[in-house]
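Next, two complexes with chain A in common: one pairs it with chain B, the other with chain C.
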Partner chain A sequence: MNNKQINLLVDAVKLLLIMVITLAVIAAIIFSVSDDPLNALYNFFVGPFLSMRRIGNIVEGACPLTFTAMAVMLIFKAGQFSMISEGSFFIGTGVAMSISLAVPMPTGLHALVALLGAALAGAFIAFIPAILKKTWDVSEVVTSIMLNYVCEFFVIYLVTYHFKETSSSSLASWELAPTSLLPKIVPGTNIHLGVILALLLCVGCWVLTNRSRFGYQLRLTGSNPSFSHYAGIKETGVMVGAQVIAGTIAGMGGGVELLGMYNRFKWTTSPGFGWTGIVVALLAKDNPLLIPLSACFFSYINTGANIMAMNSDVSNDVAQIIQGVIMMLIVSGALLQRWRQKLVVRAAEKEQAEAAAVSASVEA
Partner chain B sequence: MHGEEALRMENITKVYPNGVIANSDINFSVMKGEIHALSGENGAGKSTLMKMLFGIEQPTRGDIYVNGEKKVISSSAEAISLGIGMVHQHFMLVPSLSVVENMVLGQEPRRGVMLDRKTAKAQAKEVSEKYHLGVPLDAPVYDLSVGQKQKVEILKALLHGAKILILDEPTAVLTPQETQELFIELKNLRDDGYTVIFISHKLNEVRELCDRITIIRHGRTMGVYDVRDVSEREISRLMVGRDVVLHMDRTPTMPGDVVLDVEGLSYWNHYGKQRLNGISLRARRNEVLGVAGVEGNGQAELVDIISGNLSRFQGSVRVLGKEVSGMSIRQVRELGVSYIPEDRMTMGMAGDLSITDNLMADKSYRDRFVGKVGLLDKKSIQEYGAEMVERYQVVCKSPDQPISSLSGGNIQKVVLARELSSNPELVIADQPTRGVDVGASEFIRQELRNLRDQGKCVLLVSSDLNELLGLSDRLIVLCDGGIAAYFADTSEVTEEDLGRFMLGIDRQADEEIAGVRA
Partner chain C sequence: MSTVLANIFSAEFVYMWIRVVTPILLASLGGCICNQAGVVNLGLEGIMLLSALAGVIGGAYGGGLLAGVACGLGVALLVSLIFAYFHLNMEADATLCGTAINTFAAGATVMALFTLTGEKGTSSSLLSFSFPTINIPLIDRIPILGSIVSGHNFVTYVAFLAVFLTWFLFYRTPLGLRIRSIGENPDAAASVGVNVRRTRYVAILLCGLLTGMGGMYMSMGYLSMFTRGMVAGRGFIALAAAAMGQSTPIGALLSSMLFAFFESISNTLQLLALPSQFIRMLPYVATILGLTIYSIQKKNKAYARAQAAVQEK
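Entry: the complex of A and B
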């Protein structure tokens, strides 16, 4: 076994172990709080697959996570820790809503313009912490988290003061213009055109990071910014560029979620897809093509938790606990490392012995 | 010989997480009261062995005995408590703290929760006087010279109770005079019963200072010898596995047009300290202009300014007649400037990326690597990677493996390949062979010589005076940000001559120095 294979094996086993531990944690929680644990477990694990509609729920739920996770991954690849995907996503929903309600346009074009507006707004928001870091070296971690609040309350303000449905007792906007909504593509589910867009963007993202010149400079900068600078690459420009592209994707994701899934804007706080996106991106191990799978896994857990909450005495907060557990396990760098070290030692010594044997036979 | 064994490492094997076998069944033993040399090429496993002794790394297999007792050393604190002290190649000192504070760090005498300054100073003074190692105790460490910092490191180890001192390539940063001083101090320590492990691949120093030598090659012990019984030639053959040409020949050439023209260059760093003081020089095609000097006397700033890495200087720097001031690094590089940086680990490579990715770092915008619709041309990039690996004899399994899995010498070859393959007019080589094994060093020097013969201009900064004298056609000595001496012909210059100018003991007349711009 060479090093690459060892890493692959260890990573695969680690992922499996994480799943097993997570499932064990779920089972333990359910057994301790539920009067009818088997029913709850059944609903949780099997429930999501019992109807086309529920399978649709998994896919629909994975869609916004795919967008935010892609944004997070791009930012992390640049070696930056901006949390702005959260804010960019929510500002995207707000701008898409505004365009849908305030600017009448023909079908199709309306959705396109709304999504572009959402993307632009997301990009602009992500640009702020990036440029502050570039010009004044302000920590992007702090500014992005603060800015997330600004975005959240700005959008809530937009809904409350400009687009609120006065006849409704809870906070909701007027009905979105039908010309701006994304068409459903699978009968019997809510799976919408945005899912296709998400998948295309994942491929685009892979091409961008692995095949384009900008992607090369991004990897170089993320790995060692001083080296990138020395080689004549404008490394701060690359960092800003990556964050702006990430903001674009997250903002568009916000627009897609609103126009694909809802007929009114109904959130009273940000749904937090930006945060979950971090876990999704970590689980996808830096590979844009794995993001949809990783997002589906989390969406499956959310769907399962919701079904369980409806049909048993366990609430869907379990999903949050699980996300926390998974995040901890993913970032635990030392997990299985002792086993990995053993494999490495064995492989290295075998190779050494083989090399010695070869040189001995050559001499003989 | 001296009787008692201070330390023994038995059948030590170390495999790093990336699968590199750094040590394989190494046996190493040191007697009390001896200076023991540990020699081997870079990447042979010396540092790894010492890291395990000092508790920074753990052996995969094998035992360590200190004073005859088997010990597991799991941290450097434990090593210190066992009486082992280490003077690192890159000093582990806090620049903003005073010498006294640095010396007691880790074992501060306290009054309540506060540092007991009086006792601390008394302790520091006591060791410094006892071992005749004079340093200004109250000065902040950033004000000290490299030689003084090293003394502080040694004193710190002694203050913490070290009986066994490990010195990792201590002379790499010293002038000949400072080296002599260090040797006298080390011999005194030996006569007082201390044990010194001296890591070095400078054979003449080993001969001069050490009692015994252990030679390591490819992670294995090649033998232990009495230094008196082996010749330098034998040692170098054991280290490298073949005969190495220790002398350098130079074919005379006629210097051509001016490539680099520096006039009245001054630079103040952001602490307001003047680092360059009115430097003027010219370098031409077909020549190597050497720059000697103790580290920190302006070489780094000079090199950074010429390569475009530092702006906001005064004076003028022209490359092929074009003013460099205000240009971006990319523009400077496109003028034909290549730069082999001193610190290749932080500036010269991206560790996680492949050898090929590292090779094309400065060329990502070149047409050759960009195919249709702005995407990278994978095939052309792979061809280039394979070609460079072969041309520059980089020892690796594949050009796609991460560069961090290579040895120091091979990493430097990758840097060299990248910098020289862009067809430069001016090559700035800053410590090109530092920490590089004998074989790779010779290869690198030969490449630099070839450049010169092909009509390129090479600016060589090196602390290896032997290398500097061997390669340079002309030579300047920097001291305190200015040119202290200029030699139009290096054949008659000795290392001792350079040392006087490097330390600021001597300075040539201005008219003599002005010759460098003739």
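Entry: the complex of A and C
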């Protein structure tokens, strides 16, 4: 085995191990809180596949996660820890709502403008922690998290003071303009055009990170900023650029989610797709093309948890617990590391022995 | 506006200010200990949230305040131990490890609340035990000063005592010296025989104790029940305060007071006819501005030092 194969094997086994541990955690939680654990487990794991509508739920739920995870991946690739995709996403929903309700436009164009507005707003928000870090070295971790709260309050302010449906008892906006909504593409489900957009985006990001000059600079900067500095790359510019692109993507994701899935703005708090995006990106292992799969996996967990909550006595918050556990396990660099090293050493020894045998036979 | 000003220059405002600073100060001192040991503990937020709920549940089911405290601190220590194990033994990045704990905490608290009470919002149906308020004899008779200093929650006095204790730990004990030395340079510390990993474990656990107290104050002092997401970023603000205070106890106290000022001012500003969302943004905006101003000053100082060094040559 060469090193690439070894890494693939160890990564696969690590993934399997993480899944087994996660399943054990899920089972342990459900058995300890539920009066009818088998029914709950059945609903959780099998429930999401029982109807076309539920399978649709998995795909729809994966869509916002794909956007935020893509944003997180770009930020992490630049070696930054900005948590801004949460804020960018939510500000995106707010701006898309405002454009949908306040600016009448013809069908098609309306959605396009709303999404562009959402993307711009997301980019602007992501720019703030990035530029603070670049100019004055302010920790982007804390400023981005604080900014998430600011975005949340700002969007709730927009809904409450400008677009609130007064006849509704709970917080909701007026009905969104039909001209701005994204069309559904699969009958019997809510799967909308945004899903296609998300997939195209993944391909685009793959090209950007793997086949473009910027992507090369990004990878170099993320892995070794001082080296790339000496190699003549403006590393701080690349970092800011990556975060702004990330904000654009997350903001657009917010617009897509609102215009694709809802006919009114109904969130009362930020829905947390940005935070879930982190674990989705980590599971996808730095590969944009794997993000949709990883997003589907976490969306499956969310869908399963919702179905379980409807049909049993276990609450759907189990999904968030699982996200935490999986995240903790994925980032454990030392998990199976010794085994990986052992395999690498053994392969090297074997290679050496073969080389020695060859040179011995040549001498003879 | 004048009513707002009159409110700020009143003894009640200062009293409220001290009340609001308590959880931030405790967590921030914990953050200082971790920072000094070279570990950025982003899990403060989650640890606070979990111990806030554990304190209420422990009290309700254990039948008393002490049971609640034991449960709250126990959970804080357990979660800190998990953080420490994954960060130190499994080589998980501290930021992501902390984020994992925060995610877990957000889900686990609501799930536990729902399982025990059938509600997802608050623990109001559980019998809550709160820390007592303490009137300091004699001082409480002094006008103005008495109404500011006396009559606070027990945990508030613990928090201010903890400033001194943390100072004592850092600068007067061998453990404190070891903690500071590995934060300064782990390899150098290891070369003179300091067990880096074990010292970091101790630092993370001490941080857990302080943060756990801060979390319990939220549900057993500040309010007398647990509400979903009640920590609301205070753990992150505490981390910012620790960084801004350069991880010294006095620095953490001052910057916590600064951030808490904006939180209590936002309570007062609700008298004005501004949209409440803008007022509630204030502590978070203040944290961003505070960190930025601090970083600008730090950068200028470093620049001035470099200039001076060049001129000496």
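As a convention for this text, the second predicted complex is superposed on the first by the 364 of 364 C-alpha atoms of A that agree within 3 Å, B and C clash if a C-alpha of one lies under 4 Å from a C-alpha of the other, contacts with A are read in each partner's own complex, and residues count from 1 in each chain.
Keep this in mind: contacts are C-beta pairs under 8 Å (C-beta built on N, C-alpha and C of every residue); 3 or more make two chains touch, one makes a residue touch a chain.
All figures in this text were calculated on a predicted structure; none of them were measured in a lab.
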Chain B and chain C placed together on chain A: clash or fit? clash
_Under the stated touch criterion, which partner chain does A:172 make contact with: chain B (first), chain C (second), both, or neither?_
neither
After superposition on the shared chain, which partner residues are touched by A:216: those of chain B (first), chain C (second), both, or neither?
first
TODO: Considering only the touch criterion stated at the top, classify A:291 as touching first (chain B), second (chain C), both, or neither.
DONE: neither
| query | Who does A:226 touch here: chain B (first), chain C (second), both, or neither? | reply | first
Touching A:352, do we find chain B (first), chain C (second), both, or neither?
first
- prompt: Does the superposition put A:275 against chain B (first), chain C (second), both, or neither?
  reply: second
Checklist entry - After lining up the shared chain so the two structures overlap, which partner does A:234 touch, if you call chain B first and chain C second: first, second, both or neither? => result first
On the A-aligned overlay, A:207 touches which partner chain: chain B = first, chain C = second, or both, or neither?
first
Counting residues of chain A touched by each of chain B and chain C, the higher count belongs to C
Contacts of chain A common to chain B and chain C in the A-superposed view 337
As the complex stands, chain C meets chain A at residues 40, 42, 82, 86, 89-93, 95-97, 99-108, 110-111, 114-115, 120, 229, 232-233, 236-237, 239-240, 243, 275, 277-278, 280-281, 284-285, 287-288, 291-292, 295-296, 298-299
Touching chain C in the complex, chain A uses residues 29, 33, 81, 83, 132, 136-139, 141-143, 145-147, 149-150, 153-154, 156-157, 160-161, 269, 275, 278-279, 282, 315, 317-325, 327-328, 331-335, 337
Residue set of chain B touching chain A in the complex reads 15, 17-21, 24, 60, 309, 328-330, 332-333, 339, 341, 346-353, 357, 360-362, 364-365, 369-370, 374-376, 378, 405
Per the touch rule above, chain A residues touching chain B in the complex are 2-3, 6, 207, 211-213, 216-217, 219-220, 223-224, 226-234, 337, 340-341, 344-345, 347-349, 352
